[in-house]
Amino acid sequence: MNAANYLYVSALLFTIGAIGVVVRRNAIVVFMCVELMLNAANLAFVTFARINGNLDGQVMAFFTMVVAACEVVVGLAIIVTIYRSRRSASVDDASLLKR
Amino acid sequence: MTSNYLVYLIALPLFGSALLLLAGRKADKWGHLLGTAMSGGAFVIGLYEFTQMLGRSNEQRAVTQKLFNWISVGSFQVDAGLMLDQLSICFVLLITGVGTLIHIYSIAYMSHDLDRRRFFAFLNLFIAAMLLLVLGDSYLNLYVGWEGVGLASYLLIGFWNQKPTYATAAKKAFVANRVGDMGLSLAIMISFATLGTVSFAGVKEHAGQASTGALTAIGIMLLVAATGKSAQFPLQAWLGDAMAGPTPVSALIHAATMVTAGVYLITRSNFIFDAAPTAQLCVAIIGAITLLFGAVVGTAKDDIKKALAASTMSQIGYMILGAGLGPAGYAFAIMHLLTHGFFKAGMFLGAGSVMHGMDDEVNMRRYGGLGKFMPITFATFGLGYLAIIGVPPFAGFYSKDKIIEVAFNAGGIKGITLGSAALLGAAITAFYMTRVVILTFVGNKRWAEKAHPHESPALMWLPMVLLAVGSVASGFIFTHGNSLKNWLAPVVEQSPVHEGELLKPAVVSVLALVLVILGVGLAVLKYVRKDIPLVAPSDVSIFTRIARRDLLQDDFNEALFMKTGQGITRALVVTDKSIVDGAVRGVARLVRGSGSALRLTQTGFVRSYAMWILVGAIGLVAAIWVVTL
Amino acid sequence: MSSFTAPVLIYSLLAPILIVLGGAVIGVMIEAFASRKIRPVLQLSVTIGTLVLAFAQVWHIRHQETASAAMGSAVVDGAGVLMQGAILFIAILGVFLIADQENFTVIAAAVPGSEEETQSIQSGEQLTEVYPLTLFAVAGMMLFPVSTDLITLFVALEMLSLPLYLMAGLSRRRRLMSQEAALKYFLLGAFSSAFFLFGAAYLYGYAGTVSLSGIGAAITAANGNTVFLLIGIAFLSVGLLFKIGAVPFHAWTPDVYQGAPTPITAFMAAATKIAAFGALLRIFYVGFENAYWDWRPLITVIAIITMLFGSVVAIAQRDIKRMLAYSSIAHAGFLLAGVLALSKAGLDASIFYLIAYGVATLGAFGVVTLVRDSSGEITDLNRWAGLGKRSPFVATLFATFLLAFAGIPLTSGFIGKFSIFSAAYENGNKSVVIVGVLSSAIAAYFYIRVIVLMFFSDPVEDGTSVIIPSFLTRLSIVTAFAITIFLGLFPAPLLNFISSTAIFIR
Amino acid sequence: MSNVNWLTTLGILPLLGAVFVAFLPKTNALAAKRAALATTVFVAIAGIAMATQFQRDNVDLQFVESHSWIPTFGINYAVGVDGIALVLILLSVLLAPIVVLAGWNEASGGRWSAKTFYILILILETMMIGVFAATDVFLFYVFFEAMLVPVYFLIGGFGTGKRSAAAVKFLLYSLFGGLLMLASIIALYVISGEQGGHTFDTVTLSHLQISSTTQNFLFLGFFIAFAIKAPLWPFHTWLPDAADAATPGTSVLLLGVLDKVGTFGMIRYCLTLFPDATKTFTPVILVLAVISIIYGAFLAIGQTDFKRLIAFTSISHFGFITMGIFAMTTQGHSGATLYMFNHGFSTAALFLVAGWMASRRGSSKISDFGGLQRVTPVMAWVFFFAGMSSLALPGLSSFVSEFLVLVGTYTRYPVAAIVGTFGIVLAALYILIPIQRSLHGPIMPGNEGLTDLNLREKIAIAPVIAIILVLGFYPSPLLNVINPTVTHNLSVTGHTDPAPSIEKAGK
């Protein structure tokens, strides 16, 4: 099976994630989309690792997961606080700061 | 030859004026005396130098004095240097002599004025500047005196400047003079650019090598300067208003000396004009036009001083005409200048004395029959009158006839035109001067009840008498054996005696006399034993009205220069506000505007920010793609 | 069984980072075990102690250079050391500001206006988590410019970002705004780092290695799929340009700067820029050096847009913090000119500029923390009117910082501007220089407007006042002022030190 | 006497004065005034002492000092003066004490204490000396820009009317020009690096080989900055506002000294660094100069306010100076330099008296005055004198310089000179009209009570009048200092005076 296909899939995932960030309102969902993008990157890493025949890419993937995990911690904390104070998780409601 | 005393000629009056101005009220008691003394001292030095001159041979007479190096930049070298030659000495004596007399006269005339000290300070300032004008050994030094006298005249015309019209008159005089000065400074620039020097000696030496074009340019510019200072057409308009100044000022500055500076300038620059015929012709034409212009204006004036001013304008026209006739004319121009200095100064002082007796009434329609109340004034004025209309053997007869004669002898159309203009002028002169005399001194009295005319004090009539003597005798002295002509010969070198005379001198004199008699007669018929209306009749011919309005000179200037000037000014003020500064403000507004516009991109919605990033990323990829292709 | 070779780590060279991390861990411990009473002073002293110690260590190793400090994933070289030193110095000054707890909420989780919050405030307790968070961020910032492979870069990026996301949300007053700032910062930050990661993936795909020098070599060798390289460069740049706040990746800057507690803004604005530019410089100078034909035009365009946009929009701002945010965007544009120079001169200039700018920014925000009324800081420009009359000294300090931003001679800003523009011009980026000059003319307008407001307009009596700053705050502001002036008058020592030290080794 | 660091000393002194004033109590304005006066007087004396040490016929820079400042960029603290710079430094140090004494109470209307006012003035004096003394382009730029700050605060802090707006306009406009110049300076720096070593030394830079197109751009960078400073039409609009808002003393320093930096820079930098570009742009610049002369004069006539009027007369005068410079003849250059000096004093006289009139009457509108000659004779006559010197009456210093400029221009560009000569007629108008309105005529209601000049004011104005008079009759002391430098500048940039046409014809 052609390695390129894996890359296409990753690119597709990345695009879906990016578009999702732009179009979805719910902060959680937006955040999920970001995660999707990260995983798209991971897929690319692994694929390239296979292509190049060394393990750096795979290692990178692990790091990414860890980092993603950290992001979840921080991210959810922030989203939850703002939800508690606003009773809404819509990113469009948070628009006091502008201009 | 050098002399160490020339500088004191200028220094004395200069010191006088400086002292009087700085000393302030403290000097009120003796200020006038000091001023007169300074002027007198200058006169004495002048006499001394004159006697020295007489002692030397005709070529050795000129003396110089170099004070210090004034301006020296590259090849532009100007010394503060003085030169006294046969031409300047005439002026020195006229200025200091008449000047001193008028100082004396003013002591009495201004005795009631609180600012008499300042008046004398200005008079001294004028004497100093005028002497610098005639003594400077280069055009630039002359220029300093030239504007100096302008300043003095401005200060003296506006001496009573609390009266707005007087202040305006002063300003008008200064500005008109500045226009002339512009000509002078251009002349200096041209001569430096072409000849590499601005000293009289240098210019005289190199004038030969220069192109006629350049010399003509210089000549025309000098003529412009002369028209400004000597109130010649077309810059004559200021002289009439200048009569706002106290009468002694009119006598000294605006009759005897300053206004004749133009004649001096042209005579001094004879080496230029003789090499630039076109320029010379222009000079003559300007002279001719002005002498008629002034004469015509003179016929319509009721204000005695304005009438005399117009006559001055016309007489200087004669001088300019004479100077414009080249080597043949210079001497006579100067001669007329000197004689005119005597009789016109005398008549002005006479007018002043009349005003003094009539508590400053100047309207001749309110005079009449004053002859028996102020006999001395009448006598001196009368002598001056005879002189100016050119009745033999009075001074004016000699000088004026000579000019008319030379004008005819210029030959051809030129000769005929100029000559007949001069003749006609003589006739009109006779008319309006007679009118002045009749209206003022003879006929029935028309003055107001409160006025009780009386003869002026000795301090005033003494100078008048002396000047009257001058106006009687000077002409004869100057012409006797061509004394003045030969005297001036080294300065204005005579060209070999020119083409056959068109008219014999005798013929000219007769012609002139006939016309003069006609003029006088006309005036007598018109004004003697006829009651003169107290206000000028308004149902008069259009010509009279035009003449009364000074042949519309002011209306012309106003329409052409003042109106346009004010228009330009107003336009430019608007331009500066709206366009030039508007552009600056516009840029600022543009920046600010775009700032507020771009500010709206910051919507506050995180998704739109993400959109920016996404677009940016895609843009980067696309761009980098394009770049590498 | 194959012989095991232990990884070689030169601890002395990594020490600065390790010290900071250690300090951070200790800080966490303190949070966990120390009593509320002593926490604040304890945390503060630990934090400052750590930073000073790390700074000393950095100074100690300033002349040692090796690419193999940590198996080639982190390097110690002149440039790196300078950046680390600068970051630490800024951090110290920043902590001085943070120490003024007035600005911070006590329980970040508490709902604004809730009973819980009011109680906590009345109890006079203090929030001390901020100290370890700061230290973690500092560690990340220190790692960012010295890391030489994409893995370390990514980790360092996240390590400096995550704490900042949280710190942005800690403001005591205007909680909603603060939280919103945190949210925006977080979402966009994560978004951009996803791009960074994706770009990294493609670079790895292109070069077959994650080490910058390896990538550089691959570019030189020009074997491999260029498409991967280009996508890699583009996406990696997105991540980095986001951090430095270059247009069009700037949008977070004004909102976060305004929303975050001012001391945090100060610290973040100054330190993050240094770290991000450090990494950016290293990546472009070491990694992409030979691909500059591809990226230079893009960066040029971005630099130009950034300068102009920042300067122009700043004019329209009514809020002092937002205005400073836009000015920082403009300065990011100027700094990109240094990147474009791609020369030793460019590197030196950028480092000097970063230090000068960082110090001035810290000082400026420090002053902002001082202007308050009963309800907290005043950031509305109109209420700054007549500050010069109320407290001439503070106003003068602020004016000096603004003049430094505007690049008026005799301030550090001018030297920085000159050096960076001359470097850019030297390498043929005339256009950037011209635009830079013009936009600094525009920028001058709004700096001066603030000065006019402070000095030439009469104060309005609305309770706005300048509080008497705590000793530490005063110390940090005055230090910043002194440095700004000193670097304007006698920049030679620092410039010499930089030019003799600053190099990238591969 | 080369062992004395004249220029540095001269520059430091006012700064020390400022520091001293800074330590005086805020309440005691008098002490601050006295300290400032003492300092400036002392500096003036020192300046004159320095001038006596100047070797006239030596065309090299003198009192040279050079210390490495920022070696990384080859920047030195390098100072030194030629004839022109010396004259301008003299101008600055002579005007400073006059301004302090004349504007004794100027600070009272300000936002801040008199103390601040005099600190700013003294700092400004240091910068004025520095900007003329600097022989390192970078150092020059530093002073050129830093100078703006004290002036900005002087206008905005102590001025009247729309002072802050005027101050901002002034600062931004100048800053804009300065930044253009910075771009050119950077380019010079880079080019010098390519041609053997980064440097900012003026002399070295003048030997660079620069392609003509580059030269043109760099020239423009410098020239626009100087044209804004000078100010030349159409970059002048900041001046009237600034002069209108600033206190008389500030205006004197602004028009009298600061603006000279522009014309000084045209000679020192535009000409010597970019001789070819100078040749290229000369026609354009001459046109601008002539426009400034006429335009400034007409606008002066159109003004209703004394301060704005004087500002516009200065624009006209700066037109003359620029014209003289770009005529590239010895007369033109010497004239222009002398003009800079004289204009400093005649403007000072005009502004100070106008300021006194305004402060007495509480208005600077011309229409609010009338018949002053009868109320306050001394003040009126001093104003008259100042006016005469402004319209370049022969016998006063300004005449010598103005005529030199005109004659120097005529020898190469007759048309420009002729048009410029119209300026002297307009000058008569813009001086005499306000004089008639304010000094002559009946006494305007509201002017009866005005008091005449007091002793302090007389003492302040006396030296100005003296200088104007003496230099009018005996300008040699200055000309002898200026001429060698001018000749040297022109010869190294390859300009020779056109010979009189008769000699041309001879050849």
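To keep things simple, chains are lettered A, B, C and D as they appear, and every chain counts its residues starting from 1.
Definition applied: contacts are C-beta pairs under 8 Å (C-beta built on N, C-alpha and C of every residue); 3 or more make two chains touch, one makes a residue touch a chain.
Protein identities per chain, from UniProt: A = Unannotated protein.
Just so you know, these numbers come straight off a predicted model, no measurement behind them.
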Kindly indicate the chain pair that has more C-beta pairs in contact than all others.
B-D
Comparing chain centres built from Cα atoms against the global Cα centre, which chain wins on proximity?
D
At what distance in angstrom does the C-alpha mean of subunit B lie from that of subunit A?
97
Need the CA-centroid distance for the pair subunit C / subunit D, whole Å please.
45
Any idea how many Å lie between the Cα centroids of subunit B and subunit C?
80
Geometric centre distance via CA averages, subunit D-subunit B, whole Å
37
Send over the residues of subunit C in touch with two or more other chains.
183-184, 187, 191, 195, 254-255, 445
Note: subunit D residues in touch with at least two other chains are 172
Two or more partner chains touched - positions in subunit B
588, 599, 602, 604, 606, 610
Interchain contacts (touch definition) - all pairs
A-B, A-C, B-C, B-D, C-D
List the residues on subunit C that touch subunit D in their complex, please.
348, 388-389, 392, 403, 406, 408-410, 414-415, 418-419, 421-422, 425-426, 433-434, 437-438, 440-441, 444-445, 448-449, 452, 455-457, 491-492, 495-496, 499
Using the touch rule from the top, collect the residues of subunit B that touch subunit C in their complex.
588, 591-592, 594-596, 598-599, 601-602, 604, 606, 608-610, 612-613, 615-617, 619-621, 623-625, 627-628
Looking at the complex, which residues from subunit D come into contact with subunit B?
172-173, 233-234, 236-238, 295, 298-299, 301-303, 329-331, 334-335, 371, 373-374, 381, 388, 393-395, 399-400, 403-404, 406-408, 410-411, 414, 417-418, 421-422, 424-425, 427-429, 432-433, 436, 439-443, 473-476, 479, 483, 486-487, 497-503, 505-506
Which positions of subunit C touch subunit B when the two form their complex?
183-184, 187-188, 191-192, 195, 226, 230-231, 233-235, 237-238, 241-242, 248-249, 251-252, 254-255, 293-295, 297-298, 301, 309, 312-317, 442, 445
In the complex, subunit B touches subunit A at residues 599-600, 602-607, 610-611, 614
